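Attaching a single structure in structure tokens format; questions to follow.
The chains carry the letters A, B, C and D, assigned in the order they are written, with residues numbered from 1 in each.
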Amino acid sequence: MLELLKQEVLKANQLLKKYNLVTFTWGNISGINRKRNLIVIKPSGVPYAELTADKMVVVNLKGEKVEGDLNPSSDTATHLELYKKFAQIGGVGHTHSPWATTWAQSGNGIPALGTTHADYFYGEIPCTKIMEDKEIANDYEEFTGQLIIDKMQGIDPLNMPAILVNNHGPFTWGENSIKAVENAVVLEEVARLAFYTKQIDNTTPPISSKLLDKHFLRKHGENAYYGQKTD
Amino acid sequence: MLELLKQEVLKANQLLKKYNLVTFTWGNISGINRKRNLIVIKPSGVPYAELTADKMVVVNLKGEKVEGDLNPSSDTATHLELYKKFAQIGGVGHTHSPWATTWAQSGNGIPALGTTHADYFYGEIPCTKIMEDKEIANDYEEFTGQLIIDKMQGIDPLNMPAILVNNHGPFTWGENSIKAVENAVVLEEVARLAFYTKQIDNTTPPISSKLLDKHFLRKHGENAYYGQKTD
Amino acid sequence: MLELLKQEVLKANQLLKKYNLVTFTWGNISGINRKRNLIVIKPSGVPYAELTADKMVVVNLKGEKVEGDLNPSSDTATHLELYKKFAQIGGVGHTHSPWATTWAQSGNGIPALGTTHADYFYGEIPCTKIMEDKEIANDYEEFTGQLIIDKMQGIDPLNMPAILVNNHGPFTWGENSIKAVENAVVLEEVARLAFYTKQIDNTTPPISSKLLDKHFLRKHGENAYYGQKTD
Amino acid sequence: MLELLKQEVLKANQLLKKYNLVTFTWGNISGINRKRNLIVIKPSGVPYAELTADKMVVVNLKGEKVEGDLNPSSDTATHLELYKKFAQIGGVGHTHSPWATTWAQSGNGIPALGTTHADYFYGEIPCTKIMEDKEIANDYEEFTGQLIIDKMQGIDPLNMPAILVNNHGPFTWGENSIKAVENAVVLEEVARLAFYTKQIDNTTPPISSKLLDKHFLRKHGENAYYGQKTD
């Protein structure tokens, strides 16, 4: 079942390696079929080079395994929370990519300090609050999803396709699983740029909202004029 | 038309990838034929691996497409401003290479802190002023060119073949499109060196004008003695 | 003798290169056969590309060579101290990997600032005290092992499979020689993350003990649920 | 003439590229035949991939070309000063490798902060004084050699096979041209380690002279016990 989606999610997970976003098996990507409300996700702890479409795991929105021999990613419950809340998204990803994780560990969002950031993220990339002890105890992965949703209140997830989970690392998403990986690549790049910019001058302010608009809307929405028209 | 120039500009764009100056499609190179006042430029949003000479776009100095099926780079208007103002240059490039972009985001020029810098750039690499809201609204890319030209007032563009656009990233240029890429490589390297030097000691002054002269003129101008004589 | 262990230790040493943990020959891995109390270790100063199972050196717990044409690693005495003290471990490694060595040179342990750290190391990765002059004079390598053991007092070595030797660099260990390398890879990654996190905000505190427990025990011990069940 | 030395020096120059010490043609290695007082050196401005033994240039100690179609490196005069002064050395190298150049640009020597440093350099790696204007005017490259020699007063060049030229970059040397490259690799590594160590704690002191002795003499001199005995 879902063979095309499995192929796409397989490729998305392999891209994590290609783009140097992962050490060992520290990252997972999923995709959803909205008609059937089923998601395809990486199996837990399996090296990217050993992944095949057959090894992908299908789960429903309750987190029950529908197909597959292997356990799904230990972060599956977090993915599910995001799919349930954000109807616009078709893919979710999680990595420990070093620059994004650095910001997550520091507990700070990533300010929009340049047009590279504005081309993809419509404002500061948020960082969740620190999880309280009682929230860690039960349903930890599900609660991680809740923290993300709380922080995203009032933000269109396609305008801000990334978040930092405090003390942990980034989650990204997009229209599909491949876009979730692309946003993880760009997140890593802007996290790096913001880090070094702040080292030169820690008081550097974010770019103006006018410049943020110009660049984000040059690439997104109906008046976009970057790239080639596609039918 | 312009088949040789297309081949050169194709190669120049491919070098962006080879020298690790670009993520995805975040960079573009162009070259000009001064006799015909036509420029060849990368199509917008096309991956470097998929580029061919046929896909290159030919535009005139008004920005009108003269040949090509694809849209030219969204930065074309900036390139054109530079060609119109700087008669000495034959190629222009733009990237979001990380070290140069870091300096651009910080709003600071890159001081000449060593001979590596002096071998290619005859003084501090300038950074443009922050664009005002009203300047962003219309003809943004053209106005970016204007900001560069304002900042370059009184500077020979072949003595300073790079600039940082504030909040954005670098533009470079040279005698031809290949030189524009080479200058982008060196810019990235000296941006890195300057960053780390300042981290060791933020009060490090620029090198003396005598040493700047010695190194720049050892490689440029009629008394140059670096490399091999070419006829 | 010990042909299987030689193959494993050979592979472990080759992984040092694959994972970019070593310059020239600056790292060595060993493994132990607990039934025979013999260890297999890299020969001193031999490039990784020239290693073969035949070149591996077998020594007993007194440090006497039992088999092999070449001298064992100059750090052999340190390895032996660890095997004699920590009955749980089956492999030991030493590198000068840059991020871990940076922390070792600074004389500071690596605080647990995120879940990446907590997935592998159950608390702050310790750093030994500075060696005194009289301790350097004789049996230097053996004394290095003693310093490590002193610092590990009361800590289960499988809960903390890495340490920093002050002014020098890291030692890691694990259930076998391959695990010792894997822990060296993760050590390098968390050393890097902790460095940059502290640069953003030097006052960043360690994660809560609850979160540390959650992540370490999610991957280790009888209630682990990361990865696939293995029989 | 000097075919074996040409082969060695060719290889040494190619190693600069392999070890990522050079951008474009920013580095050169030479070797000397002490019996004939002739040196073989890289031609100026030729890419490493295009080098052949035939293209190597032979010069005498006065800097006169004895064989070769191409111009020798523009740094030849500096190499010659070092060969004339340091009878123990057989190879010299110069690069703009980024970490060593960073320290050179800051005008600081590299303190011995760990055993990695002590394994190769017997104390702080010195940095020359800033060149005065009148010294830059004439025989600049020869005077660069003089500055190095002044700074090395009283130091055995084989105990300290590297120096930083202020505002410029490193020179290294060794028993032969291959060793000069190896010392450039290690210099780059210890420059990086020292930079980051100082970022963690700028007051980190050098290691004790006892530890410096232990590590340097473990690898050098008649009581060395690292590696394999060679006849």
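Here, a contact is a pair of C-beta atoms (placed from the backbone, for glycine too) under 8 Å apart; a residue touches a chain by one contact, two chains touch by 3 or more.
What you see is a predicted model; the values in this text were computed from it and never measured.
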{"item": "Interface residue overlap between copies subunit C and subunit D, same or different (over half shared)", "value": "different"}
{"item": "Fitting subunit B to subunit D on CA atoms, where both chains share a sequence, rotation angle to nearest 5 degrees", "value": "90"}
{"item": "Most remote chain, CA-based centroid, reference being subunit B", "value": "C"}
{"item": "Euclidean distance of C-alpha centroids - subunit A vs subunit B, Å", "value": "33"}
{"item": "Rounded Å distance, subunit B centre to subunit C centre (Cα mean)", "value": "47"}
{"item": "Junction residues of subunit B - those touching two or more other chains", "value": "199"}
{"item": "Chain contact graph, described as a line, ring, star, complete graph or other shape", "value": "ring"}
{"item": "All chain pairs that touch each other", "value": "A-B, A-C, B-D, C-D"}
{"item": "In the complex, subunit B residues that touch subunit D", "value": "113-116, 182, 185-186, 189, 192-194, 196-197, 199-201, 204, 207-208, 210-211, 214, 218, 225-229"}
{"item": "Subunit B residues within the subunit A interface of the complex", "value": "23-24, 26, 43-46, 70-71, 74, 96, 98-99, 101-108, 130-131, 133, 136-137, 140, 167-169, 195, 198-199"}
